[in-house]
Amino acid sequence: MAFYVVQFLTGLASAASLFLVASGLSIIFGVTRIVNFAHGAFYMIGAYIAFTLTERLSGAFGFWGGIVLAAIAVALIGVLVEMVLLRRIYHAPELFQLLATFGLTLMVEDLVVLIWGPDDLVGRRAPGFKGAIDFFGQNIPSYDLFLIVLGPVVLGILWLLFQRTRWGVLVRAATQDRDMVAALGVNQKWLFTSVFAVGVFLAALGGALQIPRDAVHHAMDLRIIVEVFVVVVIGGLGSIVGAFVAAVLVSELNAFGILIFPKISIILVFLVMAVVLIVRPWGLFGKPEAPARKTPGLTVNPWRPLTQNERLMALAALVIAATLPLFAGNYALTVGSEIAIFVIFAVSLHFLMSVGGLASFGHAAYFGLGAYGVAFLAKMAGLPMIVCLLLGPLLGCMGAAVFGFFAVQLSGVYFAMLTLAFAQIVWSIAFQWVSVTGGDNGILGVWPEKWAASPSHFYWLALGVATLVTIALRAMVFSPFGYALRATRDSLLRTEAIGINAKRIQWTAFVIAGTTAGIGGALFAYLKGSVFPDNLGISLSVDALVMVLLGGVETVSGAVIGAIVYKALNIWLVSQTDLSKLVLGGFIMLIVVVFPKGIVGMLEMLAQRRRKASPPGSPLLAKPIESAE
Amino acid sequence: MRARNYFVGAAFALLAGGMAHSALAQDIKIGEINSYSLLPAFTEPYRKGWQLAVEEINAAGGINGKKLVVVSKDDGGKPADAQTAANELVSSEGVAMLTGTFLSNIGLAVSDFANQKKVFFLAAEPLTDAVTWSKGNKYTFRLRPSNYMQAAMLVEAAAKLPAKRWATIAPNYEYGQSAVAVFKKLMSEKRPDIQWVDEQWPPQGKIDAGPVVQAVAAANPEAILNVTFGADLVKLVREGNTRGLFKGREVVSFLTGEPEYLDPLKDETPEGWIVTGYPWYSIKTPEHDAFLKAYQAKYNDYPRLGSIVGYQTIKAAAAILAKAGSTDPEKLIAAAEGLSMPSPFGAITFRKIDHQSTLGAFVGKTALKDGKGVMVDSAYKKGADYLPSDAEVEKLRPKD
Amino acid sequence: MSVAPPLLAVEGLTKSYGGIHAVRGVSFSLRAGEILALIGPNGAGKSTCFDMLNGQNKPDTGHVRLLGEEITGRKPREVWRLGVGRTFQITATFATMTVRENVQVALISHGKQLFNLFGSAPKFDRGEAGRLLELVGMGGYADRPCGELAYGDLKRLELAVALANQPKLLLMDEPTAGMAPRERVDLMRLTASIAREKSIGVLFTEHDMDVVFEHADRIIVLNRGTLIAEGTPAEVRGNPQVQAVYLGEGLVYDARHREGAST
């Protein structure tokens, strides 16, 4: 019995730091609607700075002072980031801020290694909390007891802050209904900055408090960020109490789950999140969002098919791309194939995200399923390549059909998180089911047949498929189905009122996007000759998001450019420097600030401005009618 | 654009821009791939090791009179990126062979690439047995003692312990799984009387150490096998120490004696664990002394195990190239099979049967000295003594 | 000779939220070509009642029949397929699409081409879309992005969209809310003329009594969830109970005394 009590307390201690970080994220998201990917980075910087301070400052005061100082220092960094970076892009399309914070995270991961060195750092134990307390023969670390008390204390302080101060009331109001606060004439700028500072403070405090139990290292951020998002979503966005309950729930399930299924930790949070989102889409303590009165950042520049000139330009670009094998070497061709495959992947997500308004955080699942589909068919059934390429993507299609059915019942960030959960579930199956998938050692030897083996042939194959896929998806944008899909994105109420079953439209789009991603994955398996679980992993899903956002989420085919730029730059940087993350992160942040509509979105805007600036010849032109051609 | 990726020998100035094209046509190029950005704690000393080797080789006249150039690429910890890098090295840099890699899955990906493109590959670090056995191929050789070999070395010591109730803690991925599987198999062969009372599989890099320690303690084992390393190990040790998990229990632990993993533990290093590792401070052989002196002179830092691996990888590559007298992959394979050469740990041989080198490892016990973790009572275990019989190896390797 | 069922027949509609009756036993009917106004003070249950007619909300008890066919509890999209168009108090349109595209989506849905993946949507029923827009006086705005439209134009667009499936019945929730007085009259005149010409039944809720008394053929009055009066504008105006309700609410309204009512 004592064991179960101690295991419970241990779970509570694990929950405390998770709660600290999650509450910060929850507050930030609730008010600013920023999906703060850099939250884990702030957590990590908090730990690093706390390490330095606690090593320099001596004594108990030095330790605790160092922890608090570190959190304050990081909060100030957060303020700087908010004012310099995020403030410029609040009006950018939804999720664009994700791109900025993603860039920041990349930079931080390299920066901490540059500043603090590559070694894992192990900090001091907390003065006064070094030992353990005996509980009927079981030891409970006294620092755990400290954390167990700290969690509810922080919860209480935050509760008082939100209930008893004007600032707190504003934060709660903004969480419920942003437009209302804006309408009340509150200075949103400073509300956002202060909220961001508080959120970052909590993240950094969570990181700093890890010093006595953990090693400080440069991958701490990734370890926590996804889990924290999950906790926030389970608890209900913007709900501090929810974050607390969810953190406890997840930690306790883990503490007791490993007694029965020792391998459960790898997947537990995602299983819980999937179940919660399906049963209670707003999280345990969340409330359905007030419907946005205006869709922020949505373009007022309607989409149109390419004009004759633009078609010719696209064709010319394609012809140039197709002649690459005449002058480029094998390496360039292989990179070209990889880029073409990522174009397929990016346009498939773009279709779902831009046309359907459904931003998936787990799109790699279908890419990877396509790859595994090919690997199974080629290695187990020994089917010829062309058959594998045709049938392999069906695995992506089936995955999308099953998961998409549940995912499209939700929208916005809940949709995103459910897709993430599904992707992680698929990933862990690939990772764990060693007898079938080979686990993380993957499936090897999936090489193309002779007719496609040479780099130039494979390049033409990839380029051809990418072209067909891009044209097909573009045609779909301007098909009756595409109109219906865009309609569901703009107004669910209206689509329902004109006889459209929005969920079925979105589900269909999900399956189309998943199948298309599967096509990319199938080619990828042959390009690399092997399939690994990270073909379905989070970082690949994030890559796809970045490519779409970089190209311009409001454009019809910006993802093509986004994929080319991002992938080419990434491959080149990784080849040129160990600090590729620093450079790439910096580049992304620059793009975000300079091109807040993405590369293609910005080009379109410039072209539009030029058209507008041209002298009004006819009265028709004088009106802002851009879509007429 | 970082110049240190392109080390061009002692006599050769590092060119601005660091483009590998600065290498002259008659130079011999080796392509090197590792997870520099993902695992800097391990790969930084590794890089220093191979840079030292390049310097020594070129100072001694290069390979059959030709200068050795190593072109190094980062794989970011992703198999797919490692293949892109391998492709670049082979197709556009025209390297004579590929070397490197740390993670098992990346090692396998590059090995498969090498097999497909018919390129010689000398795997440096990846531990999985699959590299030389179940997924072994003609083109792939490996330097480091495999999972199986390290397990066999540890089992030898562990079997002597009186403990009958064993628990295991291992990261939940292929490395952890196969380390536990081999250890259990070999252990059960030697000691049919032992019981496996609990197993914990925390996700790699994400251990929730408190509950794991509690769960293991609840099973009340007499001995524990640990396979976690890095930050996970730190958390496990801290929780285990505080909660008294290790008190009165024997612990056998993979890799923990390597300075990369032992040094961060500082004064919290648990004492008396049976570990594999690298006690650079207590190896007194002329070969190692020479290496240690050269390394400390160049870097003003002590070597880690990664330094040895990096150093010996390039030394081995150079020896193979020198013996082959050619960069033709078939000739390189012929030269490498059965090749013996010196190393800081003594002579090693690349076995013809499975392309595994006989580089061994040190087995010893952890101890605290001046507030730092060290390995004591350590002895070098030759790799050759811890491999299965040739007949068994034959069965493990696919026929090519 | 059997009497044809009315276009819309509502019978004993009841809905309560946590013990509070929002709508209680409301019954009324509507003939083809008739314009019926549903009025009542704030909180009278107008919107709840309205939402139950096209399936936006489910009644606890009661029946809604369209030409004798039971449609209670059906989904809005199914009700639409039966020929019921609807506009919203706060307009719901597709903001990123052009005015024409908005109508085309409705036409695509009407033509059951929603899952047509490779047809050309810009060419889909372009002529019909143009006619509908002309009908509501939006012909010149066809290529304008919907997000740029003035509020009154959005209301007219909604009307065009609602007409796309050649409805038998139009449900309009505060069709003139937020519009200038001039626009209100224009929109209601337009609606009335379309309704009479095509013999469409129109049910609308409205706060603006000018609009109500000028355009409705008949008026029903709701107070605290109960129907308290029904009749021609003149009858309702003279109903003491109605006057009491509006007096009690402090919303005395007398169209005759209001400035600008003569327009």
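The letters A, B and C name the chains in turn, as written, and every chain counts its residues from 1.
As a convention for this text, a residue touches a chain if its C-beta (ideal position, glycine included) is under 8 Å from a C-beta of that chain, and two chains touch if they have at least 3 such contacts.
Remember, it's a predicted structure, so these values are computed and weren't measured experimentally.
The touch graph of these protein chains is an open line. Innermost chain of the displayed assembly, by C-alpha centre distance to the whole-protein C-alpha centre, is A. Remark: chain A and chain B have CA centroids separated by 34 Å (rounded to whole angstrom). Inter-chain centre distance (chain B to chain C, centres taken as mean C-alpha positions): 75 Å.
Here the spacing of chain A and chain C, counted between their Cα centres, is 42 Å. Of all the residues in chain A, the ones that touch chain B in their complex are 3, 6-7, 10-11, 13-14, 110, 113, 118-122, 130-132, 138-141, 143-144, 212-215, 217-220, 223, 227, 251, 254-255, 258-259, 262-263, 265-266, 329-332, 334-335, 338, 431-432, 434, 439-442, 444-445, 447, 455, 524, 528-530, 532, 534-535, 539, 571, 574-581.
Residue ranges on chain A touching chain C, taken from their complex, read 293-295, 298-305, 472, 475-476, 478-484, 486-487, 489-491, 493-501, 505, 508, 512, 623-628.
For chain C in complex with chain A, the touching residues are 54, 75-78, 80-81, 86, 88, 90, 92-98, 101, 104-106, 108-110, 113-122, 124, 143-145, 147-148, 161, 164-165. Interface residues of chain B, counted against chain A in their complex, comprise 1-2, 5, 36-38, 40-41, 43-44, 73-76, 78-81, 83-85, 87-88, 91-92, 104-105, 108-109, 111-113, 115-116, 128, 130, 135, 172-174, 177, 198-203, 205-206, 208-212, 214-215, 217-218, 230-231, 234-235, 238-239, 242-244, 263-266, 268.
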